[in-house]
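Next, two complexes with chain A in common: one pairs it with chain B, the other with chain C.
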Partner chain A sequence: MTVKLMIEDLSKKYENGDGIQDINLVVNSGEILTLLGPSGCGKSTLLRSIGGFERVTTGRILIAEKDVTKQPPEKRSTIMVFQGYNLWERMTVFENLEFGLKLRKVSKSERKQRIMEMLTMLGIEAMAAEYPQQLSGGQQQRVAIGRALVLRPEILLLDEPYSALDAKIRVQMREELKKIQRRLQITIIFVTHDQEEAMMLSTRIAVMKKGEIVQVGTPSEIYNDPKDIYVASFIGEMNFVTADTDRVAAFRPEDAHITSAQEAGENTYHGTVQQSTQMGHYSQLMVKLEEQTIVLFAEKDAFENYPEGTDIFFEVKKMQNFIKGVEK
Partner chain B sequence: MKKSDDLKKKWAPYLYVLPAFFLILLLIVYPVVTSLNLSLRDKVTSHFTLDNYHYFFTDQVQLNNIGYTLFVAVMTVVLALLFGFMLALYIRFNNNGLSKTVVALTILPQFIPGLVAVYSMMLVVRNGGVLSRIAQSLGFTFNPNLMYSANGLIMVNLWFNIPFAALLLLASLANVRQASIESARDIGADKWTVLLKIILPTTYKQFFIAGAFVFMSNVGSFTTPFLMGGNNPQMLGVVLYKEFNQYLDYNKAAALSVILFLLCSLSAIVYVIVNMRKEKWR
Partner chain C sequence: MNFLVLFVFAFFMYGPLLNTFMLAFANKYQAPHVLPLSFGFTWWKNVFAQSDLLQAFVNSFLVAALSTFFSMVICLPAAYAIARYHFKGRNLFLFSFLLSNAFPKIGLYTAIGIIFYKMQLMGTLTGVVLINILNTMIFMIWIPTGAFQNVYRQQEEAARDVGAGPIRTFFTITFPSALPAIIVAAMYTFLGALDESQGTLLIGFPQIKTMATAMYGIILDQAPMVGAIFALLLVLPAVLILWLCYKFFGKKSFLQQLFIK
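Moving on to the complex of A and B:
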């Protein structure tokens, strides 16, 4: 596995004190790495620094072992797909893809071939002569991806590219992106605040908080072994039950199974069902414990056996412990 | 009851428009029609004639005046647009103390009466004026030779019109999305390419519009050429003044006003055409 991008001790501070700091990150060739975090956590700033749109305060950025820290965006082998697509509204779809190739002095016949190939791969070859405003959101999104990919960047940067699309198209676009990535073996850095999107797309996820990277790992590492309360609560559902004064015990809703008073073991809790819902292929039970309410996922028929108001015993199979107050 | 309501609704718009309509009729349409009429009459006999126009388009002195006026106006337009655009670009893409000061300075000339500005400018640039004295105190002789010349006129016109053009162009630069520029930079466009391919296509209309305004206000300008201009050739505004006040030839004066009016409508036509133009991408 070769290293495509290396970030060393990077920081970018704005005048108002916001920004990112102590960023160290390695992205391997052919990887989809997601920068995940709530809005304002600095994930877009980090992406823009990689793309060359932000002048960093300290640290180095190396792409394919070449230091690009001081290079402007046009000199870097990264291409960004922006949140609002940023298509040039005065150019047709074809011209949008052609602009970059022209700047790279690619011959006319090769331009045409590469563009049509790309448009065909994205399924929008029929729209080549149209203007961006005439396309739907999903089609514009494809044009934006095509405009970036046709230039064969070393790293493709995507800044919340699906935030303007409705849920169904969003899922479809993710699938497409994965397919394209597998086909072209391209390195992708993807910014999102949507943990589900991150889980679905990523080879690895970098969870960010207040301008720093908290944890980097594969989706299952992040999900099964979160480093702290912040990561645990940000990714997926997590129940927190107080263990003692400075520690918190936590478990995923699916890591508990319903049991009875007789079989009660070490990690068994007792509570009252507050709400019982069938979610489709599983049931969701809201259970009131002494101090807090927690969520359980149980098998499909559980909601019938445990209506609201019934007593319930459940055993936690996998419990994790976190230190309280790790939040800065 | 209902009927009178309907009636009110029907007539209310006309009532609102009426005062403005009469003002236009009285102050614009009526003078235009009388001028047109006057310009087509002989001074002595009051019979129909084209002689008044014939005079301005055959007399060598008047032809020079027309050419001179167009030269000054066109040069002012070109230079005001060029410098105004540079200024607007600077203001749009720099956000620092200096650019904010520049914005404030840009608006300033709009608050200074033209007459005051021209006189102060004359004090500075005329031979023996402020510049000359500063030069002299430094031990050499310097005369700008800007009085009574086209250069001087154009310079003062620019003083008024660069900020004006810059403000108009700045408004259109505000429509250029930062994102469009960033994505162009990202795919490899340098600053020149961004200017040519992204910024100019978004702003070119405003060039024509700003140009039309600058042209109109300068082709018929009076204060500056009256105070700073030479005796020959003269700007048409001054010629008009002399026909009216010194030669008391109202018919020629009327003909010249019509000519000025037509020159202005030229740029008005440009303005309308550019505004009406449909663009494929919309």
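Moving on to the complex of A and C:
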């Protein structure tokens, strides 16, 4: 595994005090790394720093072992797919893809071949002569990805590329991106605030909070072994119950199973069902404990057996403890 | 009633124009008569025979063209900067261009005249072009500023990203998007400079005579027909340019260009 991108002690401070700090990150060749966090956590700033759109305050950025910290975007081997696609309205789809190739002095015949290949791969070869405004959101998205990929960047940067698409197309585009990534073995850095999207796409996820990276790991590492309450609550559903004065115990809804008063063991809790819903292939129960309300996932028919107001016992099989007050 | 209002309005609007038109093609016109006694091109021949008037015609276009060109060179980068960088005092700066137009012009020109004397710009083409640029700055700054603001910054970033330098980005992405507005601004500038007389007279007289400044002399010394012919000659390029813009942009977007965001 070769290192494609290395970020050392990076910080970028804006005048108003926002920004990112103490960023250290290694991205390997062929990886999809997701920068995940709520809006304002600095994930876009980090991505824009990698792309060369932000002048960083301190630290270094190395792409393929070359220091690019001071280089403008046009000198870097990264290409960004912007949130709003940013296709050039005055150019056709073909010209949008051609512009960068022309700048790279690729011959006319090769340009044509590469562009048509790319458009075919993305299934939009019929739209080559059209203008971006004439295309649907999903098609524009494909053109934006095509415009980036046709230049064969070392790293493809994606800034919440699916946020403007409706749910169904979004899922479809994710699948497509994964397919393309597998085929071209390209390195991708992906920014999103959608944890589901991050879980689905990523080789590794870097969870960000207030301008810092809190935890980096594979989706299952992040999900099964979150470093603190923040990560635990940001990724997936997590229930918190008070363990003692400084600590909080946490468990995933699927890590508890319903039991009875007779079988009650060490990690058994007792509560009242507050709400009971059938979610399709499973039931979701909201259970009121002494202080908190927690969520349980149970088998499909459980909602019938435990209607609202009934007593319930459940045993937690996997529990994690976190120090209180980590989340400010 | 409505018809009457419209008629009065039309009379005020087109009456003087018609009168000018009529006078320009009159051969003989005497005071008590409402209509000229005979029509023809006598006075046109007369005008084109006067070499200094012809020179004024040429000067007018030279001054207008140079003013437009240099106004673009100076103002477009400024407009871009105002559109892109939100520096302190930005709004005040924009507003200051209005101020120079709000002052009584003649006072401003007199003050400038003193400086121009020291710099030996009085009576020179450079001086006249400079004074015209001052007048037209408001169009060349305000309209393109609005247009540049409408070009998304990320469109430029996308161009930088695929390998275009800042200058290439400006000319391939930003400039073409703002071009319609820039053409409208250039049109205003050109027509404004063609029409300008106060400043040109004060700075350029007597060496630089344009059609607009020559008018003063004509009104005093020559037959009213000459004035009318000159007026028509002045109107002609304006109508032509407006018509070209109209053709070029189409009715709707042409009107849209006249508003700043």
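Assume the second predicted complex is superposed on the first by the 327 of 328 C-alpha atoms of A that agree within 3 Å, B and C clash if a C-alpha of one lies under 4 Å from a C-alpha of the other, contacts with A are read in each partner's own complex, and residues count from 1 in each chain.
One rule holds for everything that comes next: contacts are C-beta pairs under 8 Å (C-beta built on N, C-alpha and C of every residue); 3 or more make two chains touch, one makes a residue touch a chain.
What you see is a predicted model, and the numbers here were worked out from it, not measured in a lab.
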item	value
Clash or fit (per the criteria above) of chain B with chain C on chain A	clash
Which superposed partner A:W88 touches (first chain B, second chain C, both, neither)	both
Partner chain(s) touched by A:F240 [first = chain B, second = chain C, both, neither]	neither
First, second, both or neither for A:Y282, with chain B first and chain C second	neither
Contacts of A:L103 with chain B and chain C, given as first, second, both or neither	both
Chain B versus chain C as contact partner of A:R147, first or second or both or neither	both
First, second, both or neither for A:Y131, with chain B first and chain C second	first
Contacts of A:F313 with chain B and chain C, given as first, second, both or neither	neither
Chain B and chain C contact sites that coincide on chain A, given as residue numbers	51-53, 72-74, 78-80, 82, 84, 86, 88-90, 99-100, 103-104, 147, 151
For the chain A and chain B complex, residues of the former touching the latter	51-53, 72-74, 78-80, 82, 84, 86, 88-91, 99-100, 103-104, 131, 133, 147-148, 151
Chain A contact footprint on chain B (complex, rising order)	177, 179-180, 182-190, 193, 197-198, 201-202, 279-282
Residue ranges of chain C in contact with chain A within the complex	152, 154-155, 157-166, 168, 172-173, 176-177
Chain C partner contacts - residues on chain A that touch it in the complex	51-53, 72-74, 78-80, 82, 84, 86-90, 99-100, 103-104, 147, 151
